[in-house]
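Naming follows writing order (A, B, C and D), and every chain is counted from residue 1.
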Amino acid sequence: MTSLRDVLSRRRDDVPFDVVRAAYCELHVSNLEASRHFYVDLLGLVESARTADTLYLRGWEEQTHHALVLRERPTVGAARLAFRVRTPGDLDAVEQEFVRRECEVERVSGALAGMGDAVRVWDPFGFPLEFFHEIARFPTQLQRFDLHRGAPIMRFDHLNIHAPFVEETTELWLDLGFHCTEYISTDGDGERLTGCWLSRKSLVHDVAMTAGTGPRLHHTGLATADPLSVLRACDQLAAAGHADVIERGPGRHGVSNAFFVYLRDPDGHRIELYACDYYTGDPDHPPLRWSVSDPSCRSFWGAKAPDSWYDESSVVLDRNGNPTPIGEAGVDERTARSVLMA
Amino acid sequence: MTSLRDVLSRRRDDVPFDVVRAAYCELHVSNLEASRHFYVDLLGLVESARTADTLYLRGWEEQTHHALVLRERPTVGAARLAFRVRTPGDLDAVEQEFVRRECEVERVSGALAGMGDAVRVWDPFGFPLEFFHEIARFPTQLQRFDLHRGAPIMRFDHLNIHAPFVEETTELWLDLGFHCTEYISTDGDGERLTGCWLSRKSLVHDVAMTAGTGPRLHHTGLATADPLSVLRACDQLAAAGHADVIERGPGRHGVSNAFFVYLRDPDGHRIELYACDYYTGDPDHPPLRWSVSDPSCRSFWGAKAPDSWYDESSVVLDRNGNPTPIGEAGVDERTARSVLMA
Amino acid sequence: MTSLRDVLSRRRDDVPFDVVRAAYCELHVSNLEASRHFYVDLLGLVESARTADTLYLRGWEEQTHHALVLRERPTVGAARLAFRVRTPGDLDAVEQEFVRRECEVERVSGALAGMGDAVRVWDPFGFPLEFFHEIARFPTQLQRFDLHRGAPIMRFDHLNIHAPFVEETTELWLDLGFHCTEYISTDGDGERLTGCWLSRKSLVHDVAMTAGTGPRLHHTGLATADPLSVLRACDQLAAAGHADVIERGPGRHGVSNAFFVYLRDPDGHRIELYACDYYTGDPDHPPLRWSVSDPSCRSFWGAKAPDSWYDESSVVLDRNGNPTPIGEAGVDERTARSVLMA
Amino acid sequence: MTSLRDVLSRRRDDVPFDVVRAAYCELHVSNLEASRHFYVDLLGLVESARTADTLYLRGWEEQTHHALVLRERPTVGAARLAFRVRTPGDLDAVEQEFVRRECEVERVSGALAGMGDAVRVWDPFGFPLEFFHEIARFPTQLQRFDLHRGAPIMRFDHLNIHAPFVEETTELWLDLGFHCTEYISTDGDGERLTGCWLSRKSLVHDVAMTAGTGPRLHHTGLATADPLSVLRACDQLAAAGHADVIERGPGRHGVSNAFFVYLRDPDGHRIELYACDYYTGDPDHPPLRWSVSDPSCRSFWGAKAPDSWYDESSVVLDRNGNPTPIGEAGVDERTARSVLMA
């Protein structure tokens, strides 16, 4: 019988395209100036471009045009989870893959500043994905230490989603060539997956998912250089009178080893600032399992996450910018845990 | 009319003795080996001496014989809050002061390893104090970086008590020559003190008190070199399977600027590991006021302290090693806050 | 005309094998116990296996069997610069490539503990390379913070060589599918390459080379989690009476942004402990050029490297364990610089 | 026979005044705007006040009006080494002390912004000292993390002087109530003092001296919160194109445990940024001796200081703002060392 570990350990060698990494997230916000204040003034992200209703931001080491796109729209939500592919040919191959899967697929060109062709897809679970190759570049500011502000935030790292069908959703990402680095599952017979971390870029994750009401975006992960940067972000936010945006942490995750803090932007979109990733690029790097009944997987030091961290997430938007209806999860991590620990 | 600030700003120039600093704490524990495991194996404190029922510990930069004395006894509690005075003459003067105040006073000699004469006092509020001058010295191990274990913990820093009569208790410590560096008080008419930080050694505190059920010892504060040491302690404790001893934090206090974590030892005695103190030695260094209705005073980043942190403390022991009866506080910080914020 | 930048920017899409990363280095040492003391007792590397004359070491996050192999032999030198390939098939393809290049090639099986098949190659410039796929695995100790010793050293990162024909050597590595992330070159007409950093694993380098007397191994780069780990290593070495092993730094390189310190082991083999790498995995990540006349490329803060750092390196060993004869560099970085700055 | 250690261990109990700490330094500079750029734009000190020719600066935790006074004058040099006393009465007592010693003494009032009465003294060795009690206060900005710039620099810490008669000069400071925390001396018969660290504020030093050509000011020590702040200062200076101002370090001193970097301002005045001090306030805290032949006293990690660090210092200015003639030291630390190590 095939175990969950076997399934998660398998590597697809025959994927006809090469996804390089998760690259950016487009969020619809209710007030662009309020969002700008949060992301630029408070967190110190770098502005790459701005139009009347859209702001393009990147981290201090990033050379690609944007890591975060903020767009003022009547309906707030996550509009786009975007991934870069290695070549223009990979883009065609991705398009074919999703056409084959009978998903809604749209090819756009220059839809965002600094970008060429992109393939937009609404995946079978309702997540609004985008794949692209071409993007404008800036010189690195990694060593402009004299200009760095905020934590500082160095680069985009990952997307974390709430998925009602976490096992099926994981299967999709494995099919896209991602490999599982860590996962959380129930104990005993009928092992169920409750969380999964999947990577392309040789670190812990480009995309991760937690069983939960969805499709929703749980958070966008932004990388800082070290744990002290995370502490500095908290100090600066609090000093500026915005301690209320700190939802959880700072703390250490068991899963991923992340030293994290979770922030909520003016529309409630969740941002993780994190440090302490590790290398996962070896071909036989095995998935690391955590039991859902082991509280250290979420909080290595034992601090309980607030319920909002489990319950609240950004809705994702459909082709018309409307919220995608959400469904309940088959497995809830907290329920699974409490049942098992009872 | 004299304001609370005026009272707390006054410096006594005529105190006939010179208390150098808070120096050590003696805790009675139920199982010395369990305590040794916690303080030595897990936290990395240095053993100075050990007898059948007593363990003497110090930090890595400390040259005086002990910062923490652990004694196995049937009744668990805080047996001694000890302060060093500048000269043997100061010891006599302190003795006279407490005799004058009609407190229970006892002069002992060589009662603890490494010590000479000491004056033991049960203050008017029931706290078991000790003053001493003579203590054995070890060479510093500040630069034995090759031996350092744990956070590492560098030195004893302060004692924090739960005092039912916080205003009267503060007055005592001002009379002993301590100056107030920070305080928390209620807003509006009839301002009441709910917390006070008092110093002799030019940092934020040697003794601090919070209005609460007492007399009890809230925690013993141990200094680390920097915030990363506090994070390292959490990582090491969790990795060793002891995440459950982490009660609160890590986080930043508004009061004192401390970067802190609170731990509970096997008997529930609370230890604070902390960093980020500041200089307070100038003669006109003014008390910094925090409103009890400002949550940032306790938690600069906004994380709520668990109720245990407010409610639980170590009982203090009387001359016979029995718990001193405790009384309710006139003002409770959480009540004061919620009333005011209602 | 093709510029140096053009040459260094080209990506080979047709390489018939996939090198994952630089994986380990085998050093021949004169006294295994002295080396063990240095690498295990002082630096805190983890022992994976030991035989009478050989020690296998790895970092705290590493799951592969070894990052460093120390072998006691009469002739001291660098015996093997080893790289992991993605599949067993890649190993065959690499073998064919070097046979095609008419290099000395040897296929071995189980020659080292924990390893299966390996292809050993003496490249056209005399460097003793090895490629392998199969290697035994250990569970990660990334989160065994309670066991970590030393800096701690997390993982093997890169190999840095002294190459007399730096341009030709760079071409070889480009042909093997490595991409150039940074380089140093002379100014003006007849631009010459004096240093080059080449990567497979999406960080700055797996292999780097400096124009110089060679073939020689300049250093083995080991990654720590953050800059404070590098400082801690210096403090621990000095406290243990071994400040003399610190050759250069700590400091910041302009090239690679590394926060570094260089150490010399008991036989003079050079180790770099470093932190502060960055992501380079995007397909159009451009090579970053530094002028050889800009001192900030080597020392961002301006501290001059000692001459030993330029002049001394480990000889590399031939098939019989004898030193490979060394030749003078066509371009010397210091000469190039002083000529240009004169 | 009285040993050097005995002399340095003695504490004066009868000093009729109480010096709280070294408080500020006044430097004469050739171009106020260039100095402002260095100290404010690059290092991030806070401006307290500015006049046409004078700039008053302080650190982020400081509440007293200035830690550094920069004055544009034709003759560059150190004009004032200033110390705060506890009470106005202490100021009178200090004045009498120096009158008794037949030094040049001048009482001024409001000579600098934010100050009241001050006693200016040219000590027997030519150093321009000032003592004062009254000084204006600002609210602390310790927790304005959102405003902090630069390292950041938290507060003034100490003055380090080049003294031709280091033993006699040390005696003066012992007479003023300072206690010796660490010292460097020659080995064998006829032990000579070559460096001495003296404190009032319970940390390692308020004033330190090195045997050398003088009277001169070697450097002004400014405290940062932790070692990473020192690294950040180097990164920021280098990124802004000013790596050339970094003279020595970063590194660890054996003496004082300081994690340091030495900078030179536009006129060559030397600034030390430092972290990792320790508590020295106990009445029997013993002087820690270092042998002049032990290189770890100056450089715990072994890096050699550049000759400029030994040879160059700021001249001190007399009452008329002219350089005080300088004399050779009786003992030179480097000579003492090389003779002894020969």
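Note that in this section a residue touches a chain if its C-beta (ideal position, glycine included) is under 8 Å from a C-beta of that chain, and two chains touch if they have at least 3 such contacts.
These figures come from a predicted structure and were not determined experimentally.
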| item | value |
| --- | --- |
| A-D compared against B-D, more contacting pairs | B-D |
| Reference chain D; chain at largest CA-centroid distance | A |
| Rounded Å distance between chain A and chain B, as computed from the means of their C-alpha atoms | 44 |
| Distance from the mean Cα position of chain D to that of chain A, given in whole angstrom | 51 |
| Centre-of-Cα separation between chain D and chain B, whole angstrom | 33 |
| Residues of chain B touching at least two other chains | 143, 227-228, 235, 237-238, 300 |
| Residues on chain D engaged by chain A in the complex (per definition of touch) | 143-147, 228, 232, 235-240 |
| Chain D to chain C touching residues, read off their complex | 227-228, 231, 234-235, 237-238, 243-244, 246, 250-252, 259, 295-296, 299-303 |
| In the complex, chain A residues that touch chain C | 20-21, 61, 63-64, 84, 86-87, 133, 137, 140, 142-143, 154-155, 201-202, 225-227, 254, 257, 276, 278-279, 281-286, 288, 300 |
